[in-house]
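The following blocks contain the structures, represented as structure tokens.
Shared chain: subunit A. Partners: subunit B in the first complex, subunit C in the second.
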Partner chain A sequence: MINPWHKRANELIRDPLALLPLISPQPVRQFFSGDSSSLFDRFVVIVGSPGSGKTTLARLLEFSTLSSALDAHTRSEVRPLIDALNSAGVISDLKPRVLGVRLPANAQYRAIWELPYSEDIRHKLLRSLLQARAVLGWLRQLEGERVALNQIELITTGTGDAERTAIHADSLDQFRMLARETELRIFKLLSALVPPGEAELAGYTSSVTYDPLSALSAIVIKDFQGTGESIELRPMLMIDDAHELHASQFQDLDLWLRNREVQIARWVLTRVDSISPSEFRRTQLVDDIETPLPGTSHGRDRLIRTLLGRDQNRQAFRLVAADIGKRYLAQLTVFANKGVASLADALSEAQPSLTSTDIKNLRDQVGALSTETAVSQSSLEALDQVLPENAPEDLRLAVTRIFLNREALRTPQRSLFSGPSADEQEESSPKKVGATLVNGAALQLLHEFDRPFYFGFTRLADASNQNIEQFISLAGVLVDELETLIVRSKPPRLDARRQHKLLTARATKIMDEWDFPYAPRVRRLVDFISEQCVEITRRPNAPLGDGANAFGVPQDDLKLLDQDTDLAQVIHYALAYQAIVMVEEYSCKKRQWCLFELGGIPSIAAGLTFSRGGFVEGRMSQLKQQIDR
Partner chain B sequence: MKPAQARKLIGDLLQWSDEAATQEFHWLDLMVRYKFDHYQGYGPGRRFYVTLLRWLTQFDPADRATAYRLLRDHLIFVGQSEMHHLVGLSGPLIQRDMRRHVARLLKLPAYMVDEDPAAQCRLALLQERTLYVGVSDGARIDVFRRYNEGSINNEQVVPMAEISEAKWDSLHKKLAGRLKAKQEHADAEPKFEWVCLIDDFTGSARSSIWFDKDEAKWDGKVGKFVVANHERLASKACIQVHHYLASSIAKTTIEGRIADIAKQYPALEFCASFAYVLPEAIRMQNAADPELLDLLKRHYDPEIAKANSHLGEDVAMGYNQSGLPLVLEHNTPNNSVAVLWARSPERSGDCSEKATIEVSPLFPRRQRHMDVR
Partner chain C sequence: MTKPFDPVKSALQGRDVIEYLDTHFKGKGRTLFIGNVGFSADAVFCASRLAGVPNVDFRFIFERRPDVPHQVDELAKAREDELRQLLGARLVIEPIDVCASDGAPLAGRHTCVLTDRWLKSAEYTDVVVDATGMSRSTCFPVVKQMVDHSRALKIRVHLVVADSDGNGSLGIESVSGERGDWIHGFQSDIETDAKSGALRLWVVQLKEGAGPVLNRLFTDLKTPNEVCPIVPFPAGRVPTRGDRLLFDLRDRWIDDWGESPLSLIYADESDPTDVFRAIGELHAARQDSLRGAVDSVTILSPLGRRLPSIGMLLAAQKYELPLYYLETVGYKVTGPVKLACGTQPDHLWCFRFLPS
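Presenting the complex of A and B:
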């Protein structure tokens, strides 16, 4: 079987029963939180970077997956998922409520754009092909669950008989036949060596105007599963990977599916690439936005949902990561046989230690500094008291060094010939040393002595940018190493040094493999931000505690993005592929800032903190200069 | 043996660090599943991992990592799907040579053959009067026929190089019938004017074509076929020697020898074609690894050559010193380095025959030629 840690591609798993154990209920619950009904009564665009879980979500909502989940509702690994789907209103009373079909926007749909017809005709062909395949997909899904055609009743919108007649809603056989014919005719157009001229398309008129979506409102299944009961399903069309379409096709889809007369649920799942930089930026600020296009109402006719996520509360993703870790480990017999169920248990959190030479070196530095700053022994002892109890000596020394450097900056210059004045002898004695400063000290030790920093499950989860694929990609190298330990009959536990080495190597490799649009310029941007952040992180007095991982520009500087489309594009792709995360309207020092925060992968590669908020102040023009370099 | 257990033992034998083991286990697992376990020389219950363990154990601990480098960095394992891919490439290659031949006959540029009606007609006749002969059981002539369904008639394919009189009569009769059925070819002489002798692999060209000085006649599969059948073919017929896979030495040798045989049979034309030629750089003599080269020569039992005298005096680097690191899924060629395929012969109980070294192979070769002892 496919090792899910090596290749997470849920679309490759055909059997829903094999897919279900790999789906964590946490992200599903998170996605449907709030008023989930709006996700089914209007057009929804779901935006996410690669690996954010778009396809998994669409696969989950397909009728066959829902039915399999319901069949297996007693299984412990599926029950939490059933609860999540129940809360979302996708199922109720252990019966599905939506009839979802996922249509990947493959090359065939894009090929319609290449046909030698007017734009209008090409868009109509795309709409017809999508609808024909949606209809065939719904019927296939139902038949896959042993629903006979004569059990199915189509409910139409009731705007008139003509639409009902046009799609043969009263005869399921004819209804399906029409969809098949439409698909076949358009397929023939696409596969023709020389497509017929536009004038000769008369024979295809019915295909061009095929429009069951606006006519259908529900599908009723009589005698569902032999219970004698009828269930009403809301048809649902999910167009996956819509970024594969031509920009004009995407725009037409957007216009078409916004139509509020359409009563079926319709989702378009896409990477960030296909929405405009300004739209994407707005999704970062507010979850629900709408941009009325000419011809669409100013009402709430479209919802954009992002799967990128940048919750202040990282705890939620840590839980998701832990859950996914458990589910994926359970798929590997080597781990199952050894009883290793949780990744967190296998990743040691024990603090590493420097070599005795390095510790001596550090001790000497602290000694010299304490003499120079004339900090009393009692103050140093007081500091030692407030350090975390389990902090090893090297970390204690590093924190002390930061404290002494701060003290050195605080103490004014004095004459060569006079002793310290009475007021100078007052030393700041910290009441408590926070985790931020301890992390800052650990990061300084990383840069200075190569002391491991990236270890333990929490940091692994935090490095993943709340992206499941990124988590799996990072964790995969650790899992491989753990598997080796199990195979070699060693305890399945990785020490801090090994974890750190594997994760940094993986992060560097991922960055080396960046091949998305504008990747070389994005890399320059990331390198520049990294350099600035490393410099401030390594400053002896650690002014930001655990340093910075972001470059902040005044919010007003963002106007430059509207004027400079080239700069906007580079930043757009950096955001789309999570090289950086943009945090707008961040308040600090009584000003509004926009932070360009490094993603988890570049942060690991550069040796920076995952904590948020620490940033280097700068201007947008500096970023532009780097990108144009 | 369970793969996990085998991997553990291999890791221990090679004294891999955990880091190296993770990388190597990953590679081994992939290759074992995709290729090595499908080697047809293995018996039931004893597939790659067990063989590898035994193979590694025979080396001194200090030499094991060097021996493993042969597997990891040099080995070329041609699986069934890759060989079938080469078979698939062969039909179009042969057709291309036929087009060139027709172009020469009609004094046209080759690209005009598909445009010119007379050339098209001549090409069709040539294709009709073509015989495809599998010269060994490795020729996969059944696969070749299926890949070329529609363009090659079943009656044009013969699986054996030694064709009986009765079979020739039948082939000629059926050819005459096919020609008569087409008005434009009705007057053509019912004799084959293109014979394609197909084989899977040649490492040294020895079994394909060579001149036996003692007997003063051409030998090898191709040589024998020409000697036996040259009079049965049409005047100026072309013999095409086609291999799916060849070493660079074999390619050069075959091309030289068909030039020589052509002088002796002026009524015939000869050409050679290859779906893929392994580059010269793959030969172990060219590997920039003196340690490994030394091991290949050192870890060799001279008794192997004695037991297989047809191979020559020293086959440590393979027959004819070919030095190939090659394994084919159905067998390992004797042109490959001996450490891959050779096993020390069984000794009698006599103490004087006590071996100084006893070797066992990683990919045991099924011998075709057995010396009568």
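Presenting the complex of A and C:
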């Protein structure tokens, strides 16, 4: 049996029936919320980081997956998904309404750009190849579901016969043959060790003018599944991983697919970096993404949608993570037999405690500080009252220590022999101690006494950067440990220390295994930011509450990225692989900042908060210095 | 009718290669030597043996990568100086960008245009391709291109490779790109509609720390139906290397690929013909058993040490198999780096492709 926690991507699961129970309906509902019809009648660009679910979404909409889902619609784990797809208009009356095909824009498409021809011909070749493969893909999908060619009728947009004749719309055999010939011809150009010159392209005229998509509007299946009924499907082309195309190819694709005369549904799924660098950075501001704006040409021609981007409210992702956790656990018999249905139930939230020696040490520090700062016992007791009720003694002492250190900084320097003056006897009592300061204290205890910090389901979800694959990767190590406990007939519950240890080890391993362009320099960048953030997090007075996890530079410093391509490339890959997240135009101290916030994995590895907004002030030149060879 | 010359059966190795290089080219027609400016000591060995032969034109590629630490640049520069000292004005070096600014792999395509120009610049009777320091995405298309030309232009092609067990690049690790691609010229027709339903068998070399790369390749190849990892055995100076690789990469071959020890191919990592034979037998057996039932494709991915990769190249060339590869886009320095002295390599091979 497949252990989905070990599959680092849904792409590794070939069988649609095995994939379906793992797809959470929550992100599907979220994605299609609002007027979903606009997602099918115009060009849609879907952006997201690796692992955010782009490919899963595209695979879900492929005809073969939809058909499998409909076949399995009575299964309880698939029913919520059917419901979500129904609301989205992808299916209705338990029949598919779209004929989707996903084409990964792999290096072969990018290689067209390297052919020694004019830009116009290269763009036409790319369009032709995509169309040929879309046509072949649609027919393969239909045949895979036992639809014979003679059951298929093509509906075209044009009023005249010329368009139908050009693409052989009245003969499915010839329609397919033309697509195959086009694919093969372009393939020969691509695979030639030294391609023929442009002057020798005379035999390729039909390949550069192949354009069935502008003619096609619908595909009708007669006698669908032997019911005697006909169904009309909207053809859908999904170009996945479009960031692998050359920037000019991407621009041409944008121009071509925006054309409202193309009536099929057309999506481009891409990592954010395929958009221009400035647009790419702007998409980090989640609200800045284009939304369907009636009356504006942008919204009319093209929609840009993000998949679970950086959102201030993490609650939505926690729900998705909980649902995925449930679905994935249900696949493992060992958990089902033990009645463990939710990951949250198996991850203890109980606060860990320091050893008595460490607590004594902490108590002594607090005692010495209170004498030094002359804070009264009543003030300390008042502070104790405003701490969270269930906070254990070590955490209370750590918060008190921060409070006293803050007080020490406020108290003027005294003579060695004089006591406190009368007006210094009492300091203002804190009104309340927020969760931020408590977390700051817990992080200080982590660094000082190795007290566990990363435990509980909420922190696990927050560590995942709103990225499903990252969540699975982190949670997988906890699930493995739980499975071992069950096999050894022990209660399936992990205490805080074990969770923390496993998660930090996994985060460190993931970073050690980073293997993408510029990874060594991205690592240096991350290590530098981490060091700065750890220093401020560990400061006795916790000036930022729970510390920092970002390096902030004045917004104007970003101009350096336009001048320094080397630095821009390192930042580019750091962002693409979620080593860092960039937050632009962040207002603080009456200035605009750009924050380079560490991703969840580096934050765990360094022992930092997941809270947003705490940053170390610096300059872009410092980052450059770190990554320079 | 004479039987075509078999480059594998007639392969030369060790001292025989030295003797061949020292004697074969003297007094022959004009010879084109294609090499690469690498940083390992082995990269200059074959050129040095031919330095004294006046009718050899030395053409070297310099593979430019986007992210190379200065220590590695300095090593390559030192090797270049060494070559200049050895070959003087006969040395021509031309740079090739291994990838575009957006990270797309380019090496094979651009190199073929360059080597085509070199080959047509004079009337050559022999071409020596020195695979020692060359990236596989550069070397393999060049070999294919020269072998194709050998038939049409009646040119003798000699593929030479030198390799040492402690290959002189200790302290340097490669950094992979993020985009896999078919090695240029070895795409076969696998991406076309005709092959869309074919069962995919993937033969891949294992390599230390290659977990993420293997994952990427496996996903790119649309989760092949079967995987046969090549395990080095016997393995150079560390006899347990194969076992260690299997243990370190167990998540991949057991969990992700669902394979068992029955799928493993054990091949001598210092003998390209061993890998060649193993792939040949596997491919033939599969073709036989599936004939008439379902179409099948054997895909090869060179990843680890160079010599087994050469075996893959020979198999791909003979059986027209596709090769899928993830390019090295840079290096990281993990320890002290110093220029290794040029001694005789531990392993030397020469494969000859002669026009029939």
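As a working rule, the second predicted complex is superposed on the first by the 486 of 629 C-alpha atoms of A that agree within 3 Å, B and C clash if a C-alpha of one lies under 4 Å from a C-alpha of the other, contacts with A are read in each partner's own complex, and residues count from 1 in each chain.
Note that in this section a residue touches a chain if its C-beta (ideal position, glycine included) is under 8 Å from a C-beta of that chain, and two chains touch if they have at least 3 such contacts.
Model, not experiment: these values are computed from the prediction.
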| item | value |
| --- | --- |
| Which superposed partner A:Y518 touches (first subunit B, second subunit C, both, neither) | second |
| First (subunit B), second (subunit C), both or neither touched by A:K222 | neither |
| Subunit B or subunit C, by number of subunit A residues touched | C |
| Which superposed partner A:R75 touches (first subunit B, second subunit C, both, neither) | neither |
| Touched partner set for A:V487, first subunit B, second subunit C, both or neither | first |
| Touched partner set for A:L184, first subunit B, second subunit C, both or neither | second |
| Which superposed partner A:K95 touches (first subunit B, second subunit C, both, neither) | neither |
| Intersection of the subunit A residues that touch subunit B with those that touch subunit C | none |
| In the complex with subunit B, residue positions of subunit A that touch it | 334, 480-481, 483-490, 498 |
| Residues of subunit A touching subunit C in the complex | 3, 6-9, 11-14, 106-108, 110-111, 113-114, 133, 136, 140, 179-180, 183-184, 187, 190-191, 193-194, 244, 246-247, 513-521, 565, 569, 629 |
| Footprint of subunit A on subunit B - complex, ascending | 4, 7-8, 11-12, 18-19, 21-22, 25-26 |
| Subunit C - residues contacting subunit A, complex | 66-67, 69-70, 100-106, 109-110, 112-113, 116, 141, 144-145, 148, 175-182, 184-185, 187, 189, 191-194, 196, 209, 211-213, 215, 218-220, 222-223, 251, 255-256, 329-330, 332 |
